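Here chain A shows up in two complexes: once beside chain B, once beside chain C.
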Partner chain A sequence: MADSDERVLEVKGLVTNFYTYEGTVLALDGVDLFLRRGDTMGVVGETGCGKSVTARSILRLVEPPGRIEEGEILFRQIDPESGEIETVDLLKLSAEEILKTRGGKIAIVFQDPATYPNPVFRIGDQIAEVVLLHQDLSSDVIEMKIEELQDKLTQDVPAEKRSQIEEKIDYYSLMLQEPPPPDDKDAKKAALRRATQMLEMVRMPAPATIATQYPHELSGGMRQRALIAMALACNPAILICDEATTALDVTVQAQVLNLLNQLKKEIGTSIMIITHDMGVVAETCNWVNVMYAGTTVESCATEELFATPLHPYTAGLLTAVPKLHETKDRLPQILGTVPNLITPPTGCRFHPRCEYATSICKTEKPKLEELRPGHWVACFNPLE
Partner chain B sequence: MKLRDFILRRVLLAIPVVFGVLTITWFLAYVIGNPVALYINENTPAAAIPAIYEAHGFNEPLHIQYFLYISNLLQGDWGISASTSFRPVLEVIAQKFPATIELSIIAMIFAILAGIPLGIISATKKDQMVDHVTRLFSLAGVSMPIFWFALMLKYVLFYQLTIMGLPHLPPGERYSLINFRSFEYTTGFILVDSLLFAGDLRLFIDGVLHLIMPAFCLGYLTLAIITRMMRSSMLEVLKEDYITLARSKGLTERIVVYRHALRNAMIPTVTVIGLAFGALITGAVLTETIFNWPGLGRWAVRAIFFSDLAAINGFTLLVALVFVSANLIVDLVYGTLDPRIRFG
Partner chain C sequence: MSSNTILSIKNIKKYFPLTGGVFRRVVGKVHAVDDVSFDINRGETIGIVGESGCGKTTLGRTILRLLEPTEGTIEFDGQDITNLRGGDLRAVRKNMQIVFQDPMASLNPRITIKNSVGEPLVVNGIARGPKMRDMVLKLLSKVGLTEAHLNRFPHEFSGGQRQRICIARALALNPKFIVMDEPTSSTDVSVQAQTLNLMKDLQQDLNLTYLFISHDLSVVKHMSDRIAVMYLGKIVELTPSDIFRSALHPYTFALVSAVPIPDPRFAGKAQILSGEVPSPINPPVGCRFHPRCAFAEEKCWKEEPELRDTGDGHLVACHYAGELDFGSSAQLDYAQAVGKQDAQT
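And then the complex of A and B:
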C-alpha cells in the first residue's frame, strides 16, 4: 500500500482515440505510468508516440475529434489539514472539479513559447489570472497593505502621522491571523504582486517591468520562463512539461532545466518531463518511461535504463544516441518506420521492427510487468 | 505623443487618397452627360445657349475647368447643385447628411450588436442546430439583393398588415409628416431632436418606428458579413495554442471564449466593420430610395440622373472622407485590441 501512496500520479490502461475522416486513430492503447512524489520523471519516445496526448489526457485537455475512452488516472493528494492521502480518478471528476485541478493542482508547460502565451494580454495579467482563480489571496492582501504602509514610513513623514501609520500596521498585523476575504480590486492587486514574485522566482531580470510587458516583447527563453512561472504560480502538486525546452537553444534549455530542478526543491512539486531528447532525460530525470506507438514499453530508474535496457526498442533508441568517445561513420538505427496508428500492427505494436520478434508477438499484446525489482517491461522476449 | 503623431501621419497619408478619388470621379462624371442640359428647358431661346456655356465656364479646356473646381473646393466652395434648385452643394449635404448618418449608425449598431454574438455562438456551437440556422440566416443576408428584400419587407410589414387591419410599420419617411407638422430639425438627427429639442416622446417613438425597416434592411448585409467573419475568425482562434493554455489554467469555457478568444478574434472583424461602415453610406442609396428617406443617397441618385456634376463630385468626396475616417478609427481600435500593432 505504501508503494502506491508514494505515487502522486498513476495512469492505468489509458486509451485515447481520435475520430478523424481518415479513420479512428488509436493514439493511446493502454498507457501505464506513474510519478512518485518528489520525482522528476521523463516520458520519452519518438514523435507521434503519444507523449503529448498522454499529457493532455491527464488534464482532460484532449479536444474533439479526440476522446479518452478507457483507463484510470489516479491523483493522490495530501490533505493539508489531516495529512491523509486522498485518491481521485481524474477521469471521473465532474467538469467543475477538473477545472479546479487544472492549473491549481496539476499544471502544464507547453512546447512552444512563441504560440502559447496569449499575445494580447500582459505577462503579469496572464499569471495573475491563474492565481486569482485558484489561490486564497486574503493574507496576501493584508501583507500588501502592510508593505505599502512600511514604504510610507521610509519616506519623510511628520511624527504624528508616523505613529498613525505604525498603529495601522499593528492593526493589519493582527488581521493577518485571520484575514478577511479581500474585495475584488485588492485581490487583483495582490494577484499581480504574486505574479511579479513568480517572475522573480524564475530568475527573470526586472520582474516588475516584465509583468507589464506583452509576450512579443520578450525573447523565447524569457517567454518560456514566464510560462513556467504561470504554471508554478499556484504551487501545483504536479508539473507536466510537454517538450518544454525543445523550442529553445541548448544553453537556454540547460538554464530552464536547471531552473526546474531548483524550483522543484523550493516548491515540492513532482515533475513529469515529456521529451524526445535522451540527453534531457539523463540530466534531469530520476525515473523514465519509454513509450512506443501509444503504449508504455519500459519504465525504470534512469541509471538502470541507460545501463541495462530490457526492451529491444529502448536498446535500439539508446544505440542511436551518438557517444562522445566513439567514432562511427553511421549511427545504428531502428529499421522501419513508426506505424500508422489508424491500422496499428496486431499484438505488440513494435513487432514489425523488432529483431527478436516471435510468433506470439504478432498475436498477443505484452503486459507491462515488473521483471526486475523497480524495472517494468512490456515484452515477450526481453533482453538479458 | 505617439498617438498624436500616428493620427497626424494617417491624416497626411489620406490627402493623396481623397485627392485621387476626387480626380477620377471628376473626369468620369464629365463623360456621362452634358452638364449644360440642367440649365436649359423648352423655354430657353436657342440663341442663349452659347452664353450659358460661356457663363458656367464649360467652354474652357478640361484641365482648366478641373483646376477651377479644385481651387474653389479648397476655398470651401463645393459648387452649385443645379438639380437641387441651384442650392450650394455644401448646404444640401449639411441638410441631408444627418438623415443618412443616423440611418447608417442605427444599422451599424444593429449589425454589430447582433452580428458579433451570432458569430460567437455559431463558432462555439459549430455544426449544431444553432450554427446551421445562423449560417443560413447570414448566407441569406449576403446573397439577397437589398432592393428586393426591402420591397418584400415593405410588402409584408406595411401593406399586408395594413390590409389585415393590424398594427404595422410605416412605409417610409423619417417621421409621420401629418402628425408632427410643426416639427423643425435642429441637429438633423430625429432621435436627438425629438427628445432634446422638441421634448416629444411620441415623436421619438414615431421616429424609432420609421427607422426599424430601413435600418434592418441596410444593416442586414453588414450583419451577415460580420457574423460570417466573426464565426470564421473565432473558429481559427479557438484552435490556437494560447486557448489550450487558457484551458489548462482551469478557466471556465465561458472565460476562455469571451476573454481569451474574443479579443483575438475581434481583430479581423474590426477591419470588416470599418469597411462596412463606409459601404453603409453608399448602400443607403438603394434603401433610401425605397423607403423615401430624405438622405444623401437619394439625392446622389438624382444628381447622377441629371448629370449634376457638382453634386456627384461632392457626394463622392464625402464618401471618400467617411471611408478614410472609418479606416483611421479601425486602425486606432486595432492598437487597443492587439499590442503588437500599436501605432508603430
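And then the complex of A and C:
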C-alpha cells in the first residue's frame, strides 16, 4: 500500500478565516495533518491555536462569520465490496453528501457533556435517531424478530404452538439473507435496541434503564460515555474527540480515556483527540500534531515527540507543565502570550516568543518539512 | 495556638439547606464541608485538592467568612473571627484576600484597571486621587504590568494578564493571607507557568501565606508545602508535600494514579478508580470513600474513621492506613525511570 493509502484522513493547507467586525481573524493558516488508519492521533495546542476550528472544518461545521477558504480535506474510505480505496475531498461534497458523512462516517464528541445531549429527549431515543438516519436496519429488524420468538420458546408453550414458532424462526432466518426494507415502527424498535447495545458497549451499568432516562439524570462521566456511544453508533471510520475529557474530574477522565483505548481495539475506528493536555496525549495517542496560532508546527510519533521535540514551542510546552514527581522551585516559562490572530506576527507566528528566533523567522513562514524520517517540523532553527 | 500559626480552623461545617415543596420547607442538607480542622503556619502554602463537588471552594470561602460557617471556629492571627461583624470584620478582612477562578467574571467590565485595583484602597480610606494612582502603579509593576495598562478595560487583556490584575488587587491592602481559588485553571499551560512563578515570587517578597485550591494535583504539588486531600466535604489526608510518594489513603493513591503520565512509555498503566463521587446530600455512612474503595471491609461502612496522626504531621482518615499495600504504581515506575535518566545525563 502506498504511504497515502493508509491515511484515512489528510488535511492539506487548510485555511479558515472568521470575518468579524473587528477584522478578519486568520484562525487557520495552512494546517497540514493526517490520520492513519487505526491510529489515535492527538492535536495539542493552547487556547485559540485552531484545534477546534480544524475539527469543525473537517466536518464542515464552520458557521458564518467563519469560512473555509482554501485547502483539501481528503477522506479515504475502503469500499466494502471491491476493497478498493476511494478518495473524496470533503470540501467538495454537496450539502446532502456531507450530511451522510457527518455522524455516519466521521463522528465527533464535543467538550461539554452538560450542553450536548438534548435535555428534553431520552438518551436512548437520541442515539436511536442517529442510527435511524444513517444505518440500514433491515437485517436488525429480522434479527430482533427472531430473538423475540426465541424468547417465547423459553417460556411454557403448548407443543403445537411451539412448532409454529419454530417454523416462523426458520422463515425469518431465510429472510436474513436478503432482508426486505422494514416498516417505520419496526425500524424504530430496532434502532432503540441498537442504542441499548451501544450503551452496553461503553460499559454503562443497566443500559436498558439508562436508555429511558433523560440527560439530567446522569452524572458528567456517564453523559460523556452516552455521547461516545452516540458517536460510535454508526461505526464511523473516524471519531473526533474535541476536548472530550476536559470537563471531567481526573478519576473519571482516566475511566473515559481507558474506555476509548479499549473501544479502539474492539471496533477499529481511527481516533483524533483534540486536547491541551500533554498527559492525555501520552496516555492515548500514538501520533501527535502540535499546533500554534493556526499552523501545525510539529508532527511525529508520540514517543519521539516526548523524547526529542524539535520545535522550540513544543519543547517549551513540555517543560512548562509542573510534574507530579518533580520538585522544582520555578517552572521554565514561555514568555509572552498567544498572539491576536487578527494581526498575527509576520513570518513564523511563534517568533516573538521564541528564544532561537533569527532574522529569517520574522520575514518568512517556515514550511512543515520532514527533518527526520517520520518527524515533520516547521522551524528554521530546530532544536537538536 | 503558637505564634507561628496564622490561621486555625476547628470543626468547620458548612451545610446548604435544600428547600422543596410549596412552602419552601427545608427537605435536606448538602454537606459541603463537614468537620474540617487544620492550622496554617505563617509563610507556608497549604494546598487543597479534590474532585469537583468535594467542598474545596466552599471551605476557602468559609474561612474568609464570605460564607457563614454552620458550626466551628475560625481563628485568624490569634483572634476569633467566627462571629465578628461590621467594622471589626472589615478590619480583619484587610489581612485576608481571595483570588477567584475566573478573572473575567471577577473584574467589572465597565471599570478601568486603575479603578478596579484601586477600589480597595478607596473603600478602606487609604488613598484616593493621584496618590491612589501611584499606589496602583506600584501594584501593577509587582505583577509585571506597566503604566500603559492603567486606563484599559478588562476585555483588552489576555486571560493571564487578567489573572495578574486580580492578584494585584488582592495585594492592594498588604494582606498576610490569600486564598487562591483555582487561579490557573482557566489559563493555558504556558501562561500558567508564568502565573505560578509570579505567585511564588510574590510569596517570598511579601512573606505571604497561601491557601491554594485546585483540582490539578501537579499544580498543587508544585506550589504547596503541605497538601490536604478532600473527599465529599472531609479531609481524608493531610500530608507534607510529597503526596506522590507517601500517600497513605486509598483515595489519595487513586487520585495520584489517575493523573495522566506525560510519557507515552507508561501509557495505559494507570490504576482506575471505578464509580463517581456520590451526592453530598446523602453521603455514604461510615467512611465516605468505602463504596469506591478497593480495600473496604466491614469496619469501613460501620465506623467513620478519624483523622489521625501517623507521625511527622501526616494525618490520615483511614482505618487501615499504613497497613494497605497499594501494589506497584505506574507513577512511581515513571519517576524512577526519569530519575535514572537524569542520573545518566
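Going forward, the second predicted complex is superposed on the first by the 381 of 384 C-alpha atoms of A that agree within 3 Å, B and C clash if a C-alpha of one lies under 4 Å from a C-alpha of the other, contacts with A are read in each partner's own complex, and residues count from 1 in each chain.
Criterion: contacts are C-beta pairs under 8 Å (C-beta built on N, C-alpha and C of every residue); 3 or more make two chains touch, one makes a residue touch a chain.
Predicted model only: the values in this text are computed from it and were never measured.
Superposition of the two structures on chain A leaves chain B and chain C fitting side by side, clash-free. In the superposition on chain A, A:S82 makes contact with neither chain B nor chain C.
Touch criterion met: A:P332 reaches chain C, while chain B stays clear of it.
Set against each other, chain B and chain C differ in how many residues of chain A they touch, and the higher count belongs to C. Within the superposed three-chain model, A:T154 lies out of touch with both chain B and chain C [touch as defined at top].
Legend: residue contacts after superposition of the two complexes on their common chain; A:Q177 is shown touching neither chain B nor chain C.
After the chain A superposition, the centres of chain B and chain C are separated by 80° when viewed from the C-alpha centre of chain A, nearest 10. Remark: least CA distance from chain B to chain C after fitting both complexes onto chain A is 8 Å. In the superposition on chain A, no residue of chain A contacts both chain B and chain C.
On the chain C side of its complex with chain A, the touching residues are 51-52, 158-161, 188-194, 196-197, 200, 215, 217-219, 221-222, 241-242, 244, 254-268, 270, 272-274, 276-277, 331, 334-335, 338. By the touch criterion given at the top, residues 240-242, 244-252, 260, 263-264, 337-340 of chain B touch chain A in their complex.
Residue ranges of chain A in contact with chain B, taken from their complex: 59, 61, 63, 99-104, 107-108, 110, 112, 115-121, 129-130, 133-134, 214, 216, 227, 230. Looking at the complex, you find that chain A touches chain C at residues 46-47, 219-222, 249-255, 257-258, 261, 276-286, 302-303, 306, 316-318, 320-325, 327-335, 337-338.
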